[in-house]
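Only one structure is covered here, and it is reproduced in the block below.
Letters are used for the chains, namely A, B, C and D, taken in the order the chains are written, and counting of residues starts over at 1 for each.
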Amino acid sequence: MAKLAILGSGFISDFYAKTLLGNRSRDEIVVVYSRNEQKAKRFAKTHSIPRWTTTMSEAINDPEVELVVNGLPNNLHLNSTLACAEAKKGILLTKPLGRNAEEAHQMLNSVEKARDFSGYLEDLVYTPKTMKSIQSVKQGALGRILWARSREAHPGPHSDWFWDKEQSGGGALLDLGCHCIEIARSFIGKDIKPLEVMCWADTQVKPIEAEDHAIGLVKYQNGAIGQFEVSWSFRGGMDLRDEVMGTEGTIWLNHFLRTGFEMFTAPGNVGYVAEKAESESGWVFPVGDEEVELGYVNMFSEMLKCYEDGTSPTETFYDGYIVNEIMDACLKSAKSKKWEPVQLKTWRGLDSVEKLSKLINYDDQHYLIKEEKLPNGSIKVILKHKVSGKIIQIEK
Amino acid sequence: MAKLAILGSGFISDFYAKTLLGNRSRDEIVVVYSRNEQKAKRFAKTHSIPRWTTTMSEAINDPEVELVVNGLPNNLHLNSTLACAEAKKGILLTKPLGRNAEEAHQMLNSVEKARDFSGYLEDLVYTPKTMKSIQSVKQGALGRILWARSREAHPGPHSDWFWDKEQSGGGALLDLGCHCIEIARSFIGKDIKPLEVMCWADTQVKPIEAEDHAIGLVKYQNGAIGQFEVSWSFRGGMDLRDEVMGTEGTIWLNHFLRTGFEMFTAPGNVGYVAEKAESESGWVFPVGDEEVELGYVNMFSEMLKCYEDGTSPTETFYDGYIVNEIMDACLKSAKSKKWEPVQLKTWRGLDSVEKLSKLINYDDQHYLIKEEKLPNGSIKVILKHKVSGKIIQIEK
Amino acid sequence: MAKLAILGSGFISDFYAKTLLGNRSRDEIVVVYSRNEQKAKRFAKTHSIPRWTTTMSEAINDPEVELVVNGLPNNLHLNSTLACAEAKKGILLTKPLGRNAEEAHQMLNSVEKARDFSGYLEDLVYTPKTMKSIQSVKQGALGRILWARSREAHPGPHSDWFWDKEQSGGGALLDLGCHCIEIARSFIGKDIKPLEVMCWADTQVKPIEAEDHAIGLVKYQNGAIGQFEVSWSFRGGMDLRDEVMGTEGTIWLNHFLRTGFEMFTAPGNVGYVAEKAESESGWVFPVGDEEVELGYVNMFSEMLKCYEDGTSPTETFYDGYIVNEIMDACLKSAKSKKWEPVQLKTWRGLDSVEKLSKLINYDDQHYLIKEEKLPNGSIKVILKHKVSGKIIQIEK
Amino acid sequence: MAKLAILGSGFISDFYAKTLLGNRSRDEIVVVYSRNEQKAKRFAKTHSIPRWTTTMSEAINDPEVELVVNGLPNNLHLNSTLACAEAKKGILLTKPLGRNAEEAHQMLNSVEKARDFSGYLEDLVYTPKTMKSIQSVKQGALGRILWARSREAHPGPHSDWFWDKEQSGGGALLDLGCHCIEIARSFIGKDIKPLEVMCWADTQVKPIEAEDHAIGLVKYQNGAIGQFEVSWSFRGGMDLRDEVMGTEGTIWLNHFLRTGFEMFTAPGNVGYVAEKAESESGWVFPVGDEEVELGYVNMFSEMLKCYEDGTSPTETFYDGYIVNEIMDACLKSAKSKKWEPVQLKTWRGLDSVEKLSKLINYDDQHYLIKEEKLPNGSIKVILKHKVSGKIIQIEK
């Protein structure tokens, strides 16, 4: 059983509290902090939390509190983390870690210096589908991973501060790209070094300063490519999909809009359909249990177990820092219009890895390029001569 | 926090234990019973259960035990329930309630007489998709429900006793039909009386006595139809789908084979794909978190909350009894080859309900039958004269 | 090259004409008949047909006409067929063949006596997906067929005469069931005798005399079951799906609402989405090329080739007659509330066929019932002793 | 009726011939050319073509031939086009137009100078789904187009010459990227100028010189982005999908692997499943009618109609040339690792177009950024002050 403080009373904190206290939970939130008194009170009441405060340090230093769950806006991540470190309290912090790699590195150092327990709340790595997929990939179901695309696109975030670059630190890239980058990294291998990035970003629709649409490629040392696509101007709901391509297989994940739950409703009295759903009548696509499908349940379950066991969770401040560095390089690339190196102040993975090639012997003299069944039923084989390099085909 | 005994150490008990102790559960299983010592030991070890026994009454009467979770084969449901009632212990019993309505009614009476807490572990009514769908239907998203199809088909159950009619009490109809019937009932309205049934059942493939394939219709007092399709000889995995049709809308649920998780794997090192998956290479369709998707998490969460609150869960022994009566009528119909009445010894829903019709006024003289946009862009309207009954069409 | 007359100028005749003259067709429609002069003229103009008439016999007896394509309402099928037979003109007639088996048998006899070419325009057997599926089934991809479900449900037909029982001869069963029954027959084997049927039919929603919803089972001599589900009160578009279950495999076909074409449109300026689409904004599901996807292109292509080659098409008046007999039995069953025999005045398939069972040897002493991989990775095998019949399980 | 010569007897020529002569075609292929006598004979026999030759000019100059359908390998496109121009014969040429923009421009000039009819056989713009989608986009169903992703990935081409850079002129980018680029262009608007490109390309798997995987972005003058993803090392079949994102809507097209046709087959006697299918047992995903679904039927139908009517088809040599220029810039970018300009020697679209922004008035003082329904049922609105630029939120 863990005793928790929660910082923040917005959309994400609400999701966190519902998850932490959901089902048959043994855990307890003992205090909530919000700078807005009314919201703090309402939040405490909704979730039956005994205490509330409008003073952050009061929540953090509450003697009963072991761990702080932090759902504050991006501009408050650094200070709240430093406060936790100072108070020697463990911290679970929402994504992205920092508004930039500079902040993130400072946060990483502070929690590690304080030897506090820390977790990076990257929920989308913890969805049931993603966890099972990553496990299959580790077992070799897809062979060597070549490419991982992660896409998160919706009609824009639900709180004012996201849209204000000062508070949020950025646009769709920072808000959503952090998810996509870490998902691709998890499939490609978190010990494989990200080398360089290429990114496009633009403000195509919304009357804001930051980008509302960005696409990027992250090149890893083994030649694999992580691809992210993020947008705040997608129409149709929340598009949350991943695709992974390996030498021996493929994975397609659809986390939200097509999960085997389809409804046509003429009147549209469906209630809440799903996060960022755009229509309430006609064909709609609800999600069964959002807290499960978005990974919150698995995430907190693992984080709190690790806290109790004294082990390290799958997603740590170190991962958050790596992601921030990749995003910084992306923003640079969006401006410079060329590939930019990822410059890691701290790296704990493999230092070098070979770029593998895969020559399949067909016979003594030839490599196999491919074989395929044709419409007429025959098999065509494409071969490359081992010495001359000449490419031939045989029909069987 | 609830202290539980678990009866049985097979496939379903394993699912139950994993769910009850999963995530951050506050609950505890204090003893497990299995008639097989080796299995009892192994089960206790796997789930860190302090005590095991090969004597059922020892588990039930364990002084620490408040509630008994019962995952035993069908032929043991009656006796174990009577034992719980005698011991004044609450009971949560797996489906189907009895091998027939006679047994089920006896069980219903015994737990009600003992005033014990009782729950019917009909998990598929508790899947996140089903719960959200039922809620939408209650809010009117689909208008009046006309038809609900529930299908469960797979290549056959995992334990020997299912295939032995003496122990199981029946075939695919009893094993799977109980799910489908209760799902349809939940959509149509559990207070609407089931009047009569028509059922086909046959042993098409398997070398067994009982049916391995059955299809049935259940007619409700308001004219709605519940349709079930169950099979032990389906190929391709576990086909678990529901379809609901209302005057104003439609719901399609796919719980297993198409949930937005698709994998192609040439080598096939995927690990456990999903319950009753049939292939391990090529295109496979794993399920994210089976305990969630099959409803176990929501089911136990609600059951244990109701136990603590002293309220009644969604699925009770009474529901299990109704389902057994419907299945008995189905088996009768399969033999008599005609519609057979559902004869309820106990009924607590509405005694009568009008069969509604729906006349939509188009203008003073006509009812609207339908309107549709044609390929050429015009709108065709079909009308019925209120007095003459004559049907005409207008093109707009 | 074929010279054709077309009878009728409604929705279906329009589809026929577009298909017959579409793409790079070598065929020609030389005359159109409609009892309504304005419609006849408009139809001729739309499709560049040189002649039109309001006298049916004029079209049939037009000296240039070789073949008559008949898209008239059901109550005119018999007389127009007799007129073609008398005029010694080939006929391609829309479904259902007759309003009942009596009419259908008379039509079958008349065209066969006149030795004219005749085709039954059952388009849904000719969809690209259905044709390829039937071919796979014939090659053994699914083993022995156990069950075929065909579903056609939509919000109701587009012309007034469908809704008037005198003209149409019936309701949703006659209109849509004829498709579903022939599709199931095509998968199960058209030489396998349909023995008996069980059918439910009701008028749940529409203010009409005939049923707007019907469900039925057709039992074939080899034990296979054809299942149809038809409705004129479905909401959400046109639901056109088939499912086939064999001892070795499964086929799922979705012909309309989920074909890999998905659109979200806030304004809804999509134009014509698809036949019987119900919504024009939000998520909509258009169909690529309806004439192809609904089987019209393949159907006319085969029919006209057979006409030129002097061979028999896949779908003949004989097939239409069999379907009418099955539907008559269904209507009888809907009233009698029991299984009713299919009484065939003419049958040209197999007279008897064994109901196969399938015993798979596991070892000398046991038959295999099933095997399955469990979550813990072990394999469980269920066996039946050949002599004692005892069922056991082994875990490997 | 058109009289055609066909150049080439490989996989693509076979598809072309089947399509041209399929259904009730009025057209005729009078001669086939292949440099290999045996293949020429076999091709002529298969498709009932009266004449065959191993001399290309003989086929082109055949006096009966009006139009030449050219399915030759890439390295023969230029010379065969020049030969057609000299012979004053119309030409329909397979994709890509040239091995590079230099060749393509020469070909464009030669056919235009000769005033011959010419068509660029970009079939994937003609799939039924794509054509209907483009029409919807033109009608405004999606608002302003922001992004179009087109993906073609499969396990590699079926003929040896594709894999030999000398003959093919390139790798996956040239082979597949030409499709994807033109699809995106068709959605974004073919009169909108492509300005610059960014491309990554690598040889990750196959033992070849050219790239087997490439990803690129094409920036258009109105700010829209075309994205292509092509690979010869995808596993699971042929992945052919498009996604389009507009300010008011979204389109998702799946042309091959998920089209509503799903089969599980244990024995795997399915016959030919689909082009580049990788598995023949387990779950497989056939395609109904490949010639239709891949656009061949619509493409030739339009091309030959335009030829007869003296009009210009949707896809011309000019389009092929633009695509070649974009691909040349992509190859340059893959090496330079930065955005590269698209340098068009010929441009016939708009010279300039404004990059539109979209300010939606909420009230006199605010622009609307977005509104969304929250889980608790309230509506949150995000606004931007017109003067101060301050962003606020209101909860309704």
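By definition in this document, contacts are C-beta pairs under 8 Å (C-beta built on N, C-alpha and C of every residue); 3 or more make two chains touch, one makes a residue touch a chain.
Please read these numbers as outputs of a predicted model, since none were measured by experiment.
Peer 1: Look at all chain centres (mean of CA atoms) and spot the one farthest from the centre of chain A.
Peer 2: Centroid comparison gives C as the farthest chain from chain A.
Peer 1: Shared interface numbers for chain B and chain D above half of all numbers used, same, or below, different?
Peer 2: Both copies, chain B as well as chain D, present the same residues to each other, with over half of the numbers appearing on both sides.
Peer 1: How many Å are there between the centre of chain B and the centre of chain C, using C-alpha atoms for each centre?
Peer 2: Averaging C-alpha atoms per chain gives centres 33 Å apart.
Peer 1: Where the CA atoms of chain B average out and where those of chain D average out, how many Å apart are those spots?
Peer 2: The separation of the two C-alpha centroids amounts to 48 Å.
Peer 1: Taking each chain's centre as the mean of its CA atoms, how far is chain C from chain D in angstrom?
Peer 2: 35
Peer 1: Residues touching two or more other chains, restricted to chain C: which are they?
Peer 2: As it turns out, chain C has residues touching two or more other chains at 142-143, 235-236, 248-250, 264, 266, 271.
Peer 1: Considering only the defined contacts, which chain B positions touch chain C in the complex?
Peer 2: On the chain B side, the touching residues are 11, 14, 142-143, 146-147, 149, 153, 155-156, 158-160, 163-164, 198, 200, 202, 204-208, 213, 215, 217, 219, 223, 225, 227, 229, 231, 233-236, 239, 245-250, 271-273, 275-277, 280, 290, 336-339, 357-359, 367, 369-370, 372-377, 380, 382, 384, 391-393.
Peer 1: Sort out for me which residues of chain D touch chain B in the complex.
Peer 2: For this pair, the touching residues of chain D are 235-237, 264, 266, 278-279, 281-285.
Peer 1: Once bound in the complex, which stretches of chain A touch chain B?
Peer 2: 1, 22-27, 127-129, 131-133, 135-136, 139-143, 248-255, 258-271, 286, 288-289, 292-293, 297-298, 300-301, 304-305
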